[in-house]
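Each of the next two complexes has chain A plus one other chain: chain B in the first, chain C in the second.
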Partner chain A sequence: MKQSVSKRKKRKKSVSGFFLAPSVVGVLVFFVLPFLVVIYFSFVDNPISKSFVGLENYINVITNSAFRTAFGNTMLFSAIAVPLAVILAMLLALMLDAGIPMYSQLRSSFLTPLMVPTASIVLIWQVLFDNKGVVNSWILKAGGDPVEWLKSSAGLFVIILLFLWKNLGYNMVLFLAALGNVPTDSVEAAELDGAGKIQIFFHVKLRYLSPMIAFTTILSMINSFKVFREVYLLTGDYPVGALYTLQHYMNNTFASADYQKLSTAAIYMSFVMIVIMAIMFAVEHWYGKDLEEE
Partner chain B sequence: MSLGKKRKQMIIKIILTIVAVTTAVITLIPIVLTFTNSLMASSEITSNYGMIFEKTDTGGKKYISETVNLKFIPDMVSLSQYFTILIKSPDYLLKFWNSMILVVPIVVFQLIVALLAAYGFTRTKGKLSVIVFFSYVILLLMPYQVTLVPNYLVLNWMHLLNTNWAIWLPGIFSPFSVYLLTKYMKRIPTALIDAAKIDGANEWQIFSRICVPICKGIATSCVILVFMDYWNMVEQPLLFFSDTDKYPLSIFLSKINAQEIGLAFAAATFYMVPCLLLYLYGEAELVEGVAYQGSVKG
Partner chain C sequence: MRKKEILKKGISLALVAAMGASLCACGGGKSSDSSEPKHFYSVEYPKNLPAAFSNDLGNVKIFGDNLIYQSYNEDYTVCSVYQYNIVEQTEKMLWEGTSEQLEDGTTIKNSSVSYFAVDDDNSIYLYVYQSNVTEECLNRDYSATTYDDVIERIMEMWGETEDAAIQEWNNWISGEYTAEDGTVDYAKFMKDYGLEWESTERLLKVDENGNTVYEKVVRETNPNEEGQWTINCNGIYCDGNGNLYVMMNKWSNDGTSDEYYVDVYDSEGNSLGKIELAGYVSNFIRMPNGNVAIGDYSGDHYVLREIDVNTMTVSEEGIEGFDGSLESGAAAYGEDELLIRENGSLSICNMKTHEREKLLNFMDYNIPASSVNSFGILSDGRIAVFSGSYSNTQMKNVYDLAILTEIDESEMPKTERINVACMWLDSNVESMAIEFNKKHEGYHISITEYNDPDAETYDDMLRSFTTAVAADKSIDMVIFNDYSQVVNFASKGLMTDLYQFLDNDTELTRDDLMPNVLTACEMDGKLVCLPTSFSIQTVVGKASDVGTTPGWTFDEMKALLDSKPQGTQLFYGMTRSQALQLCLNLGYKSYIDSATATCHFDTPEFVAALEFANMFPEEFEGQEDEDSSVLMNEGKVLLSEFYLNDFAEIQMYEAVFNDKLTYIGYPTTEGNGAMISLNNIYGITKNCKHPDIAWEFLRQFYLPTDNENDEYSYGFSVRKDGFEKFCENAQKPLEDGGWTWGWGNFEVEIHPATDEEIAAIKDLVYNATAVNGAVTNEIMNIINEEAAYYFSGEQSAEAVADKIQSRMQIYLSETK
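Showing the complex of A and B:
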């Protein structure tokens, strides 16, 4: 009897093992195992002689000026673009949620940029922001001085605009879903207590939205690290210094096949990501705690 | 008092509607412009934007206006650009085909692998599977700057660099769909599965006849999101292909030179078509899937 139970258990395990196998093997082979090698590479001097050098690679990379520029630019971009992507998307969602007409048409319009490849849209962006482009011709007409949008630090602004254009719709849909889950009786109770719309938002809705704020922040952060795409398509291989992102640094390092640098930079990045995520989860947990206890 | 309040609310609603509609129109303008510009003859494009894209010493006698001239409506609708990219000049169609051949297998096989894995995660309740799933989530959070390095090492050892496999394999095993599908499948009531078992269904039948059909909507949204992600791809081909003939249209579009600027708008519009078709077909599922992705508790 006992034996048959354990046998059945074993069979069940092997069955789910069959379903999991393709994915687990693929993830192990292409991501996890080589990542262990990446960790190893970050501690040796080169892939051939393989002698242990301690933290030398880490010191070399972090003192490298190209890496610091790239890292700083990427962080600056995220620090500006991510809060904007979250707050503006929330405002859009609140606006649509206020019971205005054409709800579904508006939602579709805001989500459309997600479904348009960036490569298709960079042409128009170039027409708008070229030195002799549309925006500068407006500025000239208004009597101002033209800005070198794509060839100066103003490029950051253009890229943020493109990033927001592409990502706001996605975040907005997430917030719309979260707003739909705010219990109506809590809102009604607050209304009965005489709370205004703004008070209701800050004291009731925001509480229920906090997990979604954390989620969209993480999502936008991941997307903000992908912004190399937009920069590359808009400005090519060699952008101005202000637009030199981490992915540019990685591409150059790939080109010189410097595995130590690559590995070390990748470890730095994964470390930064994990720290950011941990902080986000901790904040969300702390903020949403009394909500769960209710 | 109540009438005044109602009136105030009405005014607020009207203002909000105006703001929302204006924002939506501005959002759509770049797409509409790309489309309408693709219907202009190449002489019109050159005269409108020539000064931006024309390199200084081409020496031709084309008329180029002094200032850039942004136009919504072409002077004369012309399909000549489309005729060129679709029939006369095979370069664009070839690159478009490159994009298709790179993206479609990833979408199809990632979905198959993910459906299987999601069922596996749903049917196991061990500590090990929780740890494995958690590591999938961590992997999901990692940007390309982290994952492309291990990808590159393996592909290099397998001598797969500069082949389509270099894009396909990491794409197929990327855990995005596994995450979304597992979250969804775990919500299928166990009573349903137990009932099927009592009726004598085996695991494969439960998977293929019950779980997969229930996941149809969320699977559609996975397909759309994965398609868009890879249709936009730039990083992987730049690093994994040394042969630029293999590049997808996404990269090629940004390298179109000044002489062909008229064609670029048509090619850009053409490149949007599969995405917009997908959007028309699956908008409801997409919205549902995106919204579901954020349901943190579940």
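Showing the complex of A and C:
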């Protein structure tokens, strides 16, 4: 009897493994293996001779001023854009969840930017923020001095605005879904206990929203690290220092066949993201612990 | 429950199968095989080739076992068509036509074969063109020909206006008809260009025994017929049933109509009909089934379409996906297969499945791919390849017939390969490589093109080349198109220092080569590349305007312009971006330090360069009748860019400027303002397995030559004595006492170079230090983008220079 049970278990496991195999192989081939290749290239001197050089590439990249500029700009952008993307999306979701008029029209309009191709958005942004663009003409009319939006550090504001415009809608939808899952009996119980709206939000709703906050933060962080198309189309391969991001560095090193630098930069970026996500998961776990216990 | 489980598993399996199937590659489109060939051959060159192979040959084609070729006698009065049987190594003449000349050398009768084809019975078809001067012209008296008659004749021949015809006469023609005492033989010109011809085009079929089967007049023309049409034959071909296809083009002389069609004849010469074509057809191909197909460019790619002789139509559907146009032909290989040539290789193409199998790379067997003219399969299964090209070393056309016999891989001689990468293969380099291979047993130089046919711009092509070469660790040498590519590769430490070979060479030393060229090829004290030739570019101006000492600054140039009347231009046709690029090339090393990856654009020098570029228009709009030579002569244009090729050109410029000239150069803070352009730049990669052998090949370009003529195809020899010889030759007396060169309204008698001219040129060439081409398009894009704000007046030059400094610093930091 025991033998037939363990045989059946083994058979079940092999059948499961067989069905899982294509996915596992796909993940290995299209994700894990390329990542291993990237790690390999980060330890060789150049794509031709491929001699092992230890940590030399890592030292070269971390001391390279272009990489440091790109890294710093990307971190600054993420530090500003990601919290804004999360908080503003949450506020929008709360506003829509409160039952305002034209709820579905507003929801659709916030989602529209997701569908518009980046290249066409960029054209409009250039018209708005060019030196002689619409925004500068308003500033001039108001008696101010025109700003070099795309050729100075003010460009960061433009990129953040573009990022938020593109991503708020998606985050908002996620928060709407999460708000829909907040148990109404907990909210009602808090109301009965005399809690105000702000107290209910911070002590009840926010707790239930914490997994979604973590998820949208991670998603927004990944998207912020990948912001390249917009900046590239607005400002080209080599923008002014303030707009030069990690993706520029990696794109340009690929174009000049510096695969070792490209791979090393990618490893650094992955490492930073892993650390940030680990911190995020830890915070989320601690904050939402009592919900899990429930 | 059990049934539910079985159903679930069944659905899951189906999904897995669907996912798996979706991973399979879909068919359709080109499936060319770019892998290494799996067939191996031995090569032999028949020793007893016909004597005509040592002279100039005309049309040459391989049909089956026969090589059909056209040759001429020494004075080109006899044209013959021969058949050489490659297997039996026997030759016979198939046809002969003669030309006639008068005592003064004027040709009055011509006979030649334009095209030939062979059928399966080894009968040959010839398209013969015969022409002769009309009786009336022969008897005409030309002695009363005047200058006006000549100009009228030129206008008539080339459809030019009177002024253009006068210019044509003055610039290009009059010299040949002008005696030393200045008298002009207008009669001779009229005899050479004014004769009227009548012609006959015939189709001739000769069987394998040399008997004429039929002779058929296809067309006759005479000058009295003021016809509105011109009709030309573009080729003939045979199918497997002995039908002959003649490709014709008929167009109206007023340009309103252009027809293409094929006349079809049976084996007896009877017309079977006419097939209308949609447009120009580049060639005929015989398909494995014996039918004939036409090849044309449908859109932007080559398509083969079969002719149906029963319905006299061309198939709507075609076969695509070929690399190239199959213009050197194809040969039936099997039931459904064609042997085709695609770039540097021979492949078998299955006409049904479109699959390819590469048989051989020409270079692997020392056959110059760029010169392959015709190929075919012999009856014993061997492959014959005929090639012909001009040899610079032998100063004549050289022909080879290679016979390839398939062997086992184990029988192939063991050789060490030296792989050379280039963007486009130069035929001269290919010849040198083949010559080297033949002299060095055990080693084989193999040159491979790395170019991306889908690249839309030159920059994309450069990028693809860089990526492909960097990824292929088997590459031992690189031929660079661009100096900027050298800078890119060398800055990554990918190139070997050539000084280690040069300094240990027993026949070559640093002193043998031009010192400034060596300096241009150095990076951090290492010689990272060497060009096979170089050229010089500078600026010339009147000595009375610019002084007699080469080299000047932006301020001096501006001061010169300010001293002239308003409307005076510095250069004719120069735009802002061109001027800016020149300044960057000249001052490259002062603006960019590749070693430390730093740049210095926020400097007064660069601001001055911006201000200099701003003196020129964004786009140049010349007037229709404007002649730059007249403007220079009148002092309305002060300077001219000068590309040094020979001494005659500087004499021409002196005539135009009407003054002694100075090689003043482009404005710069150091040097003489001249730039060196490096041509065909070679480097040996760090990964090269046999650097000594690679150097052995490379040094061939720098050894002394016995070539007395010393006419370089482009640029000067890198050898010092080569350049000195060029200067020496320029001082030798000219043939026929000299010649006249015309430019617009100016004419100058070219004389041997004087000592003063030689000294000035040597000073220019030896002191040129700036290298052209160091500035990449990426650098120019950044600079042009920012400079536009200064040129439009939105920002100051200093502000723009600061922005450029910021962006360029990022660009350079990436390279460190």
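What we mean here is this: the second predicted complex is superposed on the first by the 258 of 294 C-alpha atoms of A that agree within 3 Å, B and C clash if a C-alpha of one lies under 4 Å from a C-alpha of the other, contacts with A are read in each partner's own complex, and residues count from 1 in each chain.
Here is the rule we go by: a residue touches a chain if its C-beta (ideal position, glycine included) is under 8 Å from a C-beta of that chain, and two chains touch if they have at least 3 such contacts.
Model, not experiment: these values are computed from the prediction.
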Looking at the overlay, what does A:I200 touch: chain B (first), chain C (second), both, or neither? neither
After superposition on the shared chain, which partner residues are touched by A:M90: those of chain B (first), chain C (second), both, or neither? neither
Taking the superposition as given, does A:F35 touch the first partner, chain B, the second, chain C, both, or neither? first
After lining up the shared chain so the two structures overlap, which partner does A:Y238 touch, if you call chain B first and chain C second: first, second, both or neither? second
So in the superposed three-chain picture, is A:G17 touching just chain B, just chain C, both, or none of them (first/second/both/neither)? first
Quick one: classify A:M212 as touching chain B (first), chain C (second), both or neither. first
Between chain B and chain C, whom does A:V227 touch in the aligned arrangement: first, second, both, or neither? neither
Who does A:L164 touch here: chain B (first), chain C (second), both, or neither? neither
Counting residues of chain A in contact, which comes out ahead: chain B or chain C? B
Looking at A:T118 after the superposition, I want to know if it touches chain B, chain C, both of them or none. Which is it: first, second, both, neither? first
Just to be sure I follow: which residues of chain A are touched by chain B in one complex and then by chain C in the other one? 15, 19, 22, 236, 259
Chain A contacts chain C in the complex at 15, 19, 22, 45-50, 60, 64-67, 69, 131, 151, 236-241, 244, 249, 252-253, 255-259, 261
Quick check on the complex: what are the chain A residues that touch chain B? 12-13, 15-24, 26-27, 29-35, 37-38, 92, 95-96, 98-102, 105-128, 130, 132-134, 137, 165, 169-170, 173-174, 176-178, 211-212, 214-216, 218, 222, 225-226, 228-229, 232-234, 236, 246-247, 250-251, 254, 259, 262-263, 265-266, 269-270, 273-274, 277
Can you tell me which positions in chain C touch chain A when the two form their complex? 9, 12, 16, 19-20, 463, 466-467, 469-473, 475, 488, 492-494, 685-687, 778, 781-782, 785, 789, 794, 803, 806-811, 813-816
So in the complex, which bits of chain B are touching chain A? 12-13, 16-17, 19-21, 23-25, 27-28, 30-31, 33-34, 37, 49, 51-53, 67-68, 70, 113-114, 116-117, 119-121, 123-124, 126, 129, 132, 135-136, 138-139, 141-154, 169-170, 172-173, 175, 178, 203, 207, 224, 228, 231-232, 234-235, 238-239, 249-251, 253-254, 264-265, 268-269, 271-272, 275-276, 278-279, 283, 286-287, 290-297
